[in-house]
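I've put the structures underneath this note.
Each of the next two complexes has chain A plus one more chain, namely chain B in the first and chain C in the second.
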Partner chain A sequence: MATRIAPSLPARLSSRRAWTTAGLLIPAYGWLTLAVFLPLGAMLFFSFLKAAPFGDRPLVFTFDQYLAFFRRPYLFDVAWRSIELGLWTTGLCALIGLPAALALARATRGRARQVLFLLIILPFWTNGLVRIFSWTIVLREGGVLDQALHLVLPSAPGLSLLYSYPAIVIGLVHAYLPYMILTCYLSVAAIEDSVVEAARSLGARTPAIFWKIILPLSLPGLVSGAILIFVPVIGSFMEPRILGGRIGVTMGTVIEDQFTQAFNWPLGAALSFIMLAVVLLIFGLTSRILPGRVASF
Partner chain B sequence: MVLVGRSWLLAVVAFLYLPIAVMIAMAFNASSLYALPIKPSLQWFVALAGDAPLLTATRNSLAIALFTSIVATLVGTLASIALSRQAFRGRSLLKALLLPPIAIPWLITGTAMLVFFFWTGIGRGLHAMMIGHVALAIPYVVLVVGTGMEAVRVDLEEAAMSLGSTPVHAFVAVTMPLLAPSIVAAGLFAFAVSLDQFVVSYFLSTPGVSTLPVEIYSSIRKGFTPEINAISAIFFGVSTLLVLLFAQLSNLGGNRGRR
Partner chain C sequence: MAIAINRRSFNALLASGVTAAASSGLMPRRAAAATEITVLNWKGYGTDEAWALKDFAAATGVTVKHDYFNSEPEMLTKLQTNPGAYDVVLINSARTQQAQAAGLLDPIDLAAAPNAKDLAPALKTHANLMVDGKTYGLSWLWGMNSLAIRTGKVTGADSFAIFLDPRYAGRLALLDDAATEIAVGALLTGQDINNPKDMKAIGDKLKAMKTNVKLLWSSEDEWNKAFAADAFDISVFWSGAAVRSKKQSKLPVEFIVPKEGAIGWLDGLSIPKSSKNKDAALKFINYMVDPKFYVAWATQAGAPASANTAAMSELPADDLNKQIHKPEYLSKLQFMSPMPDDRRQAFNDLWEEVKAGYAK
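Our next item is the complex of A and B:
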């Protein structure tokens, strides 16, 4: 742009370079535009329509879909339940995952640590659906858990946890726990032994060391783990459906219904964007707490 | 303290593997009601061989995963070269644009694809799932190859250029061979992402054309049969192999020190 008159050699080189850069980038970003960004735009457009413009139905713009959320109290309940599910899952993952990460970093070494590390991340690369299905065999009435309980206590009543709220939480914790262990491990492993030793030589006891040193220093790991878990959990629909049965109504299942059962695409689109707004809000809030973390992900 | 920590770790690993172990064990159990004790049998694997819809769905899954792996690796590697080797305006914006496909819940991405593809006439089916899966895999490829690129020293390439080779030749002859393990790892990663993908496939599938996870989902909702266990056990084995290969190639958790 700058050297319109008599382009010098470096300018010509840099313009060739710009073309190369563009050529390298266009396939990937073109694909993402076609398959992610344009669809999200289309969905935003749909969320302001009265009805999906198929056949010869006219385009009628309205805010009704968004207002529907505020007009129907049950949707508020459903949204709150989804958030609650997210909080339970994230909280339990933190309670189980941080000690596990600490143990991995401080109580194991060498080959054993590598093997444990691999064992922990392995299930999370296997199909999520298959893992949720596995839980149905364990938790259902007369399932493996009940049968095992009967072997120990023959007179105990069956637990039959399947199709209950705890079943959904168990399945989700199982699905997302590896994220928390991984992110916490990255923080915990960076804590230098000398810091802990210094505190100990100055007379700090183990609880004080945990609260004053370990916990504050593992906060970045806890927060990034919490984001990685909370966001997909509030959007989950397969886990609540399979493990919760009739009681597994979440924002995710309501949105899925709009697209597969009710065919009310504009309402589904509006609900999706309300959920997306919540997700963006969470990213926005946490990127303040964690400067550079989310951006460098 | 060390003992408490180790027992906690073992308990966590047991929790992670308990349902998977049960699922695999029940694939080899003759009882169709998952009754204990286990009577060993291969009948569910035999039944699988005659289940045409499941076999078709498996073929679809593999075809989509292969396509995704090849295309996403090619396209993603090209982008990764530009993003990590060249300085230009808007680079950080482009890097940030890789996040939405990873960070937005798949439910939203999947339904958005359904709306857009249906509206524009692209429609649903195999081709739609391929377009969707490639888009989901591209950001991962860029990240994996980008990380690999950081470990390959720029000055080697510069040395080659100062000795008279062109930038392209320097890249192909010097950087490419060093980068090859990362590219293969990214390809495996993309394959695994596609093979495991359920949500997006679910919205883009049609009653006749589905993938293995979608087929498993509808079988679970229809009722339980150990046939699902058999196919799930095979599926689990394949995914595990892929991850182990990926770990080996990308040197996960190890330190052979390529730098």
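Our next item is the complex of A and C:
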């Protein structure tokens, strides 16, 4: 008996392993199929329609929606401003996030680190709308920031950041900074102390260590953080709408308007896919420019 | 035999009582005797005031249950896909003809609804509600989108041209709604708000407001917060919301219908063609325009203006609703009317373009 089973054991094991792998993956991919591809597929379908197929409207197929940018040249401005907003937000997140990740990984331990992490993740636990509205209280004229400034400098002019470009960026950086800190932390924590010590023993000063060792080794974290932030920021609509006042028009708000106000789902869907294509194009180009190590990300 | 019949009728009574209780969430005492009607409306929009339904059931023996919609297209879809399910439906008069054209509505005999006699003539037979001389909706409530200013800080506000006045740079808030803002542009350029011929002139006017525009608001709450924080002094605002801002938030807001007129909206109550309880439905509609119901609703909960002039005149003299919704305004309003899809899209496109210009 035992001899008969023995030769087939590796094969059975590997097939069992395959089943286990499949079993572990199916919930995630099944859910992804349901939650991502089906709605996305429906939206792709919508984007080729003339009008949303509600009520008794007939289905009319057209490619017209994808010519939106040429029919509405002002959208080029809007799209560029959204990308600009993405760049500002991502850049600021990197400038703030990398040092924070460095400090967390290399200078804290134990309970202190846990508490600091908790503080970073805190924005995730607050409702987005609540977060944005609390910024309106801070940023408006006569708001918290304004009063604090006048406490220090009573003669300073009134400070009102609300309904301005910086207000949108502040709100977005607040919302997305945790992603950057967490991804950078993972990269930075993986840097061996011995590498830094070796550099020091060879006479490298701190700036050289940062530019030649720390920064290149944390690039994967920076890049994945940037991807996680850049994409949703381009499509963001709550922050621009509430904090931006009349300046708050982005691709996100234009697309939202098509769904909630104009009831033009096909145009909204087409605009979303155009933006998706633009984002993929940007990533395609940057992955070529960045060093090989990053391209693998 | 007699026993059997009794049991059967008892069972029927029990069954109808159970269904009525299950579907309405109430426990009507006269379940078997009562007619039951279903109203399709926005949630919390008058017809579902609990005290009123109790009062109505006591007076007529008709119990009322509700189904709700969250958008006008949804309302039309529900009417279309559930024939026989509804007996009364609230329809924005801009949609009444669309519903009628789809064969969904029955004409209403105004003579059979005693309270209709006091409806404001301009609303009672408003063109939006009429098809071939028949009325397909009983005008119920109306309101305005017009000019609101900060009392004491803005002077000479008798025209929408104040939106372009350089004295108020950065002090204007516009409603982020294509139909409303295109209508403001149409009023400023002397055009029909529902079918303007010169869209370019409207776009130019709206674009020229750029230096004055501080923010675009989209909810009443947002408006109140920003106004209270002194973010703007001039705005397009809803008449009903202006009443609430004054009454509940004590904000120094003054609502004005300027010389160009203002944008009006009118909600009517209609009876679906597929209704099985048309008499009871008409009784309910008649009750809804009753001054007694309206005054209680408006003073206790807060309501838009009633189309019933008797109901409006019975409001206390110091009632803000009464002060803002002056009867003489009715003739100065242009009511939002039905609109073909391509025009609606053109409105949205123009407003989107104007907004993109504001952000530049």
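Following the convention adopted for this analysis, the second predicted complex is superposed on the first by the 239 of 297 C-alpha atoms of A that agree within 3 Å, B and C clash if a C-alpha of one lies under 4 Å from a C-alpha of the other, contacts with A are read in each partner's own complex, and residues count from 1 in each chain.
Just so it is clear, a residue touches a chain if its C-beta (ideal position, glycine included) is under 8 Å from a C-beta of that chain, and two chains touch if they have at least 3 such contacts.
Being a predicted model, the structure only gives us computed values, none of them experimental.
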Inset, instruction - Pick one for A:175: touches chain B only (first), chain C only (second), both, or neither. - result: neither
Inset, instruction - Using the superposition on chain A described above, determine whether A:163 touches chain B (first), chain C (second), both, or neither. - result: second
Inset, instruction - Considering only the touch criterion stated at the top, classify A:108 as touching first (chain B), second (chain C), both, or neither. - result: first
Inset, instruction - Tell me which partner A:136 touches in the superposition: chain B (first), chain C (second), both or neither. - result: both
Inset, instruction - Please indicate which partner A:223 is in contact with in the superposed arrangement: first for chain B, second for chain C, both, or neither. - result: neither
Inset, instruction - Please determine whether it is chain B or chain C that touches the greater number of chain A residues. - result: B
Inset, instruction - Name the residues of chain A shared by its contacts with chain B and its contacts with chain C. - result: 136, 142-143, 241-242
Legend entry - chain A partner contacts - residues on chain C that touch it in the complex: 73, 76-77, 80, 102, 176-178, 210, 213-216, 218, 222, 225, 229-231, 341, 344-345, 348-349, 352-353, 355-360
Inset, instruction - Going by the contact rule at the top, pick out the chain B residues touching chain A in the complex. - result: 1-2, 4-6, 8-9, 12-13, 15-20, 22-23, 26, 33-36, 74-76, 78-79, 81-83, 86, 88, 92, 94, 96-101, 103-109, 111-117, 119, 131-132, 134-135, 138-139, 142, 192, 195-196, 198-199, 202-203, 213, 216-217, 220-221, 224, 228-229, 232, 235-236, 239-240, 242-244, 247, 252-254
Inset, instruction - Flag every residue of chain A that touches chain B in the complex, lowest number first. - result: 17-18, 20-21, 24-25, 27-29, 31-32, 34-40, 42-43, 46, 53, 96, 99-100, 102-104, 106-108, 114, 116-123, 125-131, 133-138, 142-144, 147-148, 174, 177-178, 181, 206, 231-232, 234-238, 241-242, 252, 255-256, 259-260, 265, 268-269, 272, 275-276, 279, 283, 295, 297
Legend entry - chain A residues within the chain C interface of the complex: 51, 54-56, 72, 74-75, 77-78, 81, 136, 140-143, 162-163, 241-242, 244-249, 253-254, 257-258, 261-264
